[in-house]
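Have a look at the structure below before the remarks.
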């Protein structure tokens, strides 16, 4: 029974990994940018929400409703003001730039909030849970998080398929110049992709802090989980990312059940195993050219 | 080889190469004499410069020449440091252990490369990071190496500190010098030629018979060895090792910053970048978080405005080249006075 | 009266090479102007510079009296310059229909819409859901043409529509030109197949090493003249 519980908990946290990872996948897919500060921005969002909540006393929902759009706008500006410039001289400058941002965010948070970890209070939902049997109960908060993740990923998938700008994001990912030949401004489209990425990472950051806690130094390990979810699931497929996140969550939880020391190791090993046996991921994108 | 008229020839070497070689020997000899002249504060700073330069040269070899952008070189820094510890537990003197650590890292890198090379170029960065984390977590599991809290290198604590500092300095100098020489020879040789072809167009190079895989693997192994030796120098100079700092992604971060600041794809750039980085660290490193904030913030303008780094600026403004790596075409006519540019 | 599209003294550098040198030409509304020339003559460079993918070193591009030289490609499309690039450049992971729809992203008002393109190429409607990369070369070329038409361009730039296609397919694709031109669109096309260009164009420019070597209406040019200009055989040999 404890094993079933471990698997279920893995599924629940996997949804959150996927929510966090979808922006990573989008930025990489559209612009080939590996955003090394992705995790740190999520942590930053959580800390800003924390300050907002302690200063004004609003609840988590309102804090999220404010933080997510603000971060989306912020992402657009970061892309237009900074990353678009860096990207024009190859793949390394954006790597360095986002790495620099990561260092700045981590250490600024360290200065502003000390190294302690903080949690966001989700309110009453945080304590209620759905009891399935004697040993297994699912927290409503975690169920809500998984539902939210599925909703966001589904919405994003729909946006990329049906919306004209979403379609242009996919077009620009295939061929930037050809996208500009049909009237798409690559710099704007890139801004939109980063805005989506930042909106989703902010939401994920808040949810991370609500279900457990975040510290100024949590960013890099979250980034690593996110990337592993993307690669395990298969590049360029959002449902694949969900599957990858869940697989990662299950591996971590089941191994952690056996011995807590193996939690992280199991996740990394699953990632490497998938890499070696199935480099295209569990659910590869159906396109011929990646 | 009679005096028939010769066609144009591609050459390198010649006078500049001999100057570089001669200058290098003199410089290393002069640096080796340094501990007799200055106090330990200076030599300790130089040790930092040497191991950072070695790491940066290795990262540059990977990213600047082989197109392998890794965020996981801390794997070999950490493994190198722990190898020295392990060898020392087995009774091998640490100053010898540094060289064995390099060898051990190259050996470990061989199977690792088969996993890492399955990643498409762009994902290589993060995949290598995950691999480094695996080594990190495995080392933590080993209680004979101190587990999560690390261990001290006790075999060196008995030695007279002055002698120990000097020996550390010489080892660090030797590691850096071997890294420079190794890069230079590798890039001038067959591998360098293959890498140049790959850098221009990997698919075309492959179909023209350039052996892409072996060239990249050679570089990966060499970089693992270099970073392993550098990691060995780190533990020898700090006299202890902790897994979280030995396998910290900050090592890769510093390498990236040094190489891009100095100028990627050159040998001069990483050396220049490492020198600057060391100086900054010596003066401001004590300021902790603020130092890192400023350093991180500095990455951004470098990334945006200096994509070819500081050496790129120097190279554009002056004909100065320390390492004669570029090939030049010698004119066909024997009357031509000198190589055109 | 000024032409719909004017290229004025255009010089474009590609790497070390000056691929276009002081090139001028004009396209009137409703006319087809062809550019021919050997490989590497600078034909694609010309079209890419007109479309805004390449920045000229000197000279300019004027669309209906408006200077567009400083504008990037996506702004020029909105003003009415559409390019069907060499090698088609469809979006391989998008379906046929989605590829066509990208053409409407910043369309100008005009006669071309999805039904009109489907009427022109009826097979496209049946294969709308297929991935573009699953089409044959000729089919892809037609989709690329449809995608450009959907923007309702005032000037249509076509780079080697016939490249790699069977003569029958080429004929099908070129048979659409009169319909396009009838709407008042100006066409500037690049063609390897000289006789095809001579048959379809109202005016021909022959490029040699980035310069216009010979221009005129197809009727006025002799085969001998064209051959000379095309291969750059200098007059002294005559």
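A, B and C label the chains in the order they appear, each numbered from 1.
Going forward, a contact is a pair of C-beta atoms (placed from the backbone, for glycine too) under 8 Å apart; a residue touches a chain by one contact, two chains touch by 3 or more.
All figures in this text were calculated on a predicted structure; none of them were measured in a lab.
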In contact with chain B and chain C alike are the chains A
Larger contact count among A-B and A-C belongs to A-B
By Cα centroid distance, the chain farthest from chain C is B
In whole angstrom, the CA-centroid distance of chain B from chain C equals 50
Separation of the C-alpha centres, chain A versus chain B, in whole Å, is 33
Between the Cα centroids of chain A and chain C the separation in whole angstrom comes to 43
In the complex, the residues of chain A that touch chain C are 164, 167-168, 170-171, 173-175, 177-186, 236, 285-289
Per the touch rule, the chain A residues reaching chain B in their complex are 28, 32, 34, 36, 82, 85-86, 89-97, 99-104, 106-108, 110-111, 220, 223-224, 227-228, 231, 235, 261, 264-265, 268-269, 271-272, 275-276, 279, 290
As the complex stands, chain C meets chain A at residues 51-53, 72-75, 77-78, 82-83, 85, 89-94, 98, 101-107, 131, 133-134, 147-148, 151
So, in the complex, the side of chain B touching chain A is made of residues 63, 69, 71, 114-115, 118-120, 122-123, 125-127, 129-131, 133-134, 137-138, 140-141, 249, 253, 256-257, 260, 264, 289-290, 292-293, 295-300, 302-304, 307
